[in-house]
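In order of appearance the chains are A, B, C and D, and numbering begins at 1 in each one.
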Amino acid sequence: MAIKLDYVARETAHSLRRNFTLSIASMVTVAVSLALVGSAFVVRAAVQHSTARWTGDVQFIVFMKPDASEAQIGAVRNALDPAKNNQVAKVVFFDKARAYKEFREVFRDDPVLLSTSRQSDMPTSFRVKPAIKNAELINQMGQQLKQAPGVYTVEFAYDTVKQIERVSKLVSTVILATALFLLAAAGLLILNSIRMAMFARRREIEVMKLVGATNWFIRVPFMFEGLIQGLVGALPASVAVWFLGTRINHSGGTRSSVAILQGLYVSSGEVWAVIFAMIVIGCLVGVIGSAVAVTRFLDV
Amino acid sequence: MAIKLDYVARETAHSLRRNFTLSIASMVTVAVSLALVGSAFVVRAAVQHSTARWTGDVQFIVFMKPDASEAQIGAVRNALDPAKNNQVAKVVFFDKARAYKEFREVFRDDPVLLSTSRQSDMPTSFRVKPAIKNAELINQMGQQLKQAPGVYTVEFAYDTVKQIERVSKLVSTVILATALFLLAAAGLLILNSIRMAMFARRREIEVMKLVGATNWFIRVPFMFEGLIQGLVGALPASVAVWFLGTRINHSGGTRSSVAILQGLYVSSGEVWAVIFAMIVIGCLVGVIGSAVAVTRFLDV
Amino acid sequence: MIKLESVSKTYKGEVSALEDASADIAKGEFVFLVGPSGSGKSTLIRLLNKSETPTSGTIYVAGKDIGELSSWKVPFLRRNIGCVFQDFKLLNSRTVYENVAFALEVIGRPKHVIETQVPAILELVGLAKKTDNMPHELSGGEQQRVSIARAFVNRPLILLADEPTGNLDPNTSVGIMRLLDRINRTGTTVVMATHDRAIVDTMRRRVIELDHGRIIRDQARGVYE
Amino acid sequence: MIKLESVSKTYKGEVSALEDASADIAKGEFVFLVGPSGSGKSTLIRLLNKSETPTSGTIYVAGKDIGELSSWKVPFLRRNIGCVFQDFKLLNSRTVYENVAFALEVIGRPKHVIETQVPAILELVGLAKKTDNMPHELSGGEQQRVSIARAFVNRPLILLADEPTGNLDPNTSVGIMRLLDRINRTGTTVVMATHDRAIVDTMRRRVIELDHGRIIRDQARGVYE
């Protein structure tokens, strides 16, 4: 026998209404925990973008003037050549094309910035990984290069970026841990609100069984109720994360091609992926919670 | 008629056991939300300690060597005198006594550090609030002073401290907002778990009424149950905050009298005050939740 | 002991369950309430212990107008009125013993009183062997006897019984009636709603007959019809 | 239609509610189960619709050994067995109409069938005026009639009734018995547990008497005792 959809909808709505405060509490908990999960991922993504330039122990970056001559660039390259300068471990040259590629990559969701920037505007740059550890000496080396002809500026990481990355990692781990805790609580809550729904209707269930209802006929509305709680909880969380994403994008520091941090930025693709994941997690928590409740407490 | 304590205890325990998952979920939510509240306050306190030295727009601090001569100190004071140097807006001199006082204040709960530091070890210092805004110029001014005889080091705030304070304020505000949300959910949950307890026992309540139980006889166990949920939720949260406090104290950066940040540090008195507040809040949430449930749903 | 002065009860809407009922029941009387299904017997009983309030009219119990009783005094009224319910109203999560003990616990009786009185009353209703069973493990008749035991256990002044033999076989019914009779002889006023013609006809006590909410007969030493 | 082969039921612990009961009930028969309170009547009825399983022995319903029935088929067995419960088992949050309609909804009957059959059966049991009342707004007897209506409404092959007249006055009881008789004449097998001597003695149908779980009498056209 097929279970009628309108029956399931009616029973679920009825049960949600009856267990109103508990349903609300479940949904709030789902919402808060998913919002935390989502924020953690979005913030981490933003920080990763922002510090993308500093991968591989790059300690400072020498930006050349856009109109620097080949000779000037050659001179700097010479000065930084690891083969000749034993203070340098590694150096990577970013020409205009490569810089533009990275720029387009990082700001791929900002059409205004993209359309107003041309490849010829990009500064060429050297990313330097020094062989020495002493911050004072690294500083000196950079300061010297600043004086070289054709050099626009030298940006130092000073370990700041590493520090930021470490903190961001720590913060998002803590957030995630809290979120997992809450997610477990949310699962427990949904489990419980379903169990309560079943408890509130245990006479009904008993009678259903006695007049010949099949097991699935009894189970489905409860599982549906759990799914709805998870789903409804995921929605405000999604909205929150979406807002967080736009906030980050609008206030995210200097969005320039020449700065320590490339501006906190998170692409809308990433935001949507996180939101999608959140909705899936919400539904999963709801379904798992109610499935456990139904199998453990519904003795059909 | 006095209500017997053993009766209340028995009924409460019975009801908590029966509503196990819901009670757990309430307690977890109380715990997480209180832990967040507590953490926010503890972190804020730690950051405030850590940046205590930088109040009033102090942009850099000139630390003198412990053995700097009066003449050397006088020279630096002269160079920084706002009356003579129009780049300086304000300067405050910290002699050994004042430095030691501040040091003792900040590290008042670290007996080891205190006992191994003497007043004579303290560096004297000048806290400088420049009149100019340009970071480059401020930097230059500081670097020059570094070369002056008798100067040990110059620590720059570079707006880092302000940034840290701003971020810490933002973070703790967001944490508090989340926590308030969760606290509301926790109140709702306790309300609900009490309501469920009453619902589960509505026949019992009906029979109690019919055989002549007084209203308070019926109400008290439920209110007690709410109180217990709030209280039990507050305990793990307190433990978490206590651990956070010790963690901050043990890993809180360089604990030195000469550093940008004076080490993240939070006094045990502060931690205990926060924990006390958390326990009070937990009990309040429990009692309010159950009181609302009892008055709204217990038609006695 | 109980006095009704033109009491009427109309449930929300139009259902008139009791109309202009007057009666006077003396201390120590034994009264049968009879009448067809839906005639208002249970309603009358619920009015007496203030589970319902009359739409009009006055009810006196032990000389007091119970309509005037402030709500916090109602529990104390009920302690003097034992009640056997048509649907037993047992606590499903408690054993037979606990169900009966509950009535004493709730009114603050000390432990040793509970521990002597409960087994005695269970013995009386013939359930000494079922003390530790849960209600759902009992037959319908056994549940009814637990309900009777609970109503008796604190020796109330008045005993209201709503079809206490509805689920009992004739022999057990006779046993219960003997019990009620015995209780009545100790001075307790008993008001019992029943459908059991045989019992009413055998006992020959006062009979109040209801029909559509009206008292149509009030007969000392009456019969069922 | 129903066949018991030395069926015994012992509840957890030592309570032996049914011992070595054998009987054979043909299609269309009308059987009274009598016996004192606690003799095992309800237990026997619960075994027939597989709410309980026997400790030993075999039960055949419509030719099938219901002990062999896999659990997902039990609902389909129950659709052929209407059941009137001693404690009604009505849904307190639903109206009289919804309570009866529920039995049809659950087994997937289309709406128009529900809308014609439910009012008809409520008319039959004399509750046409109470369709929109909630169970707690009904008298005990009225609730029992709702329970009967629900058991009847999907025209089952077998009707099990556990003291369907326990809370009814004699006149209403006679009405209900007429109804059961009518149902029985349409070919439905009826098994009814009762304490009502008058009914059993008037109807003169087959009587199975239980005592302490044993069948001590099985008499065609029997009397109560």
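What to note about this one:
Criterion: a contact is a pair of C-beta atoms (placed from the backbone, for glycine too) under 8 Å apart; a residue touches a chain by one contact, two chains touch by 3 or more.
Just so we're clear, the structure is a prediction, and the values are computed from it rather than from any experiment.
Most remote from subunit C, judged by the distance between CA-atom centroids, is A.
Put simply, the C-alpha centre of subunit A and that of subunit D have 62 angstrom between them. For the pair subunit A and subunit B, the distance between mean C-alpha positions equals 27 Å. Subunit B and subunit D have centres, each the mean of its CA atoms, that are 68 Å apart. Within subunit D, no positions touching two or more other chains are listed.
For subunit A, the set of residues that touch two or more other chains is empty. Viewed as a contact network, the protein chains form a single closed ring in which every chain touches exactly two others. The complete set of chain-chain contacts reads A-B, A-D, B-C, C-D. For subunit A in complex with subunit B, the touching residues are 21-22, 24-25, 28-29, 32, 35-36, 171, 178, 181-182, 184-185, 188-189, 191-192, 195-196, 199-200.
Contact residues on subunit B toward subunit C in their complex (touch as defined above): 1-2, 4, 7, 203-204, 206-215, 217. Those residues of subunit C that touch subunit B in the shared complex are 49, 51, 72, 75-79, 83, 85, 89-93, 102-103, 105-108, 150.
Across the interface of their complex, subunit C is touched by residues 11, 15, 34-39, 41-42, 86-87, 137-142, 162-163, 166-173, 195, 197-198, 224 of subunit D.
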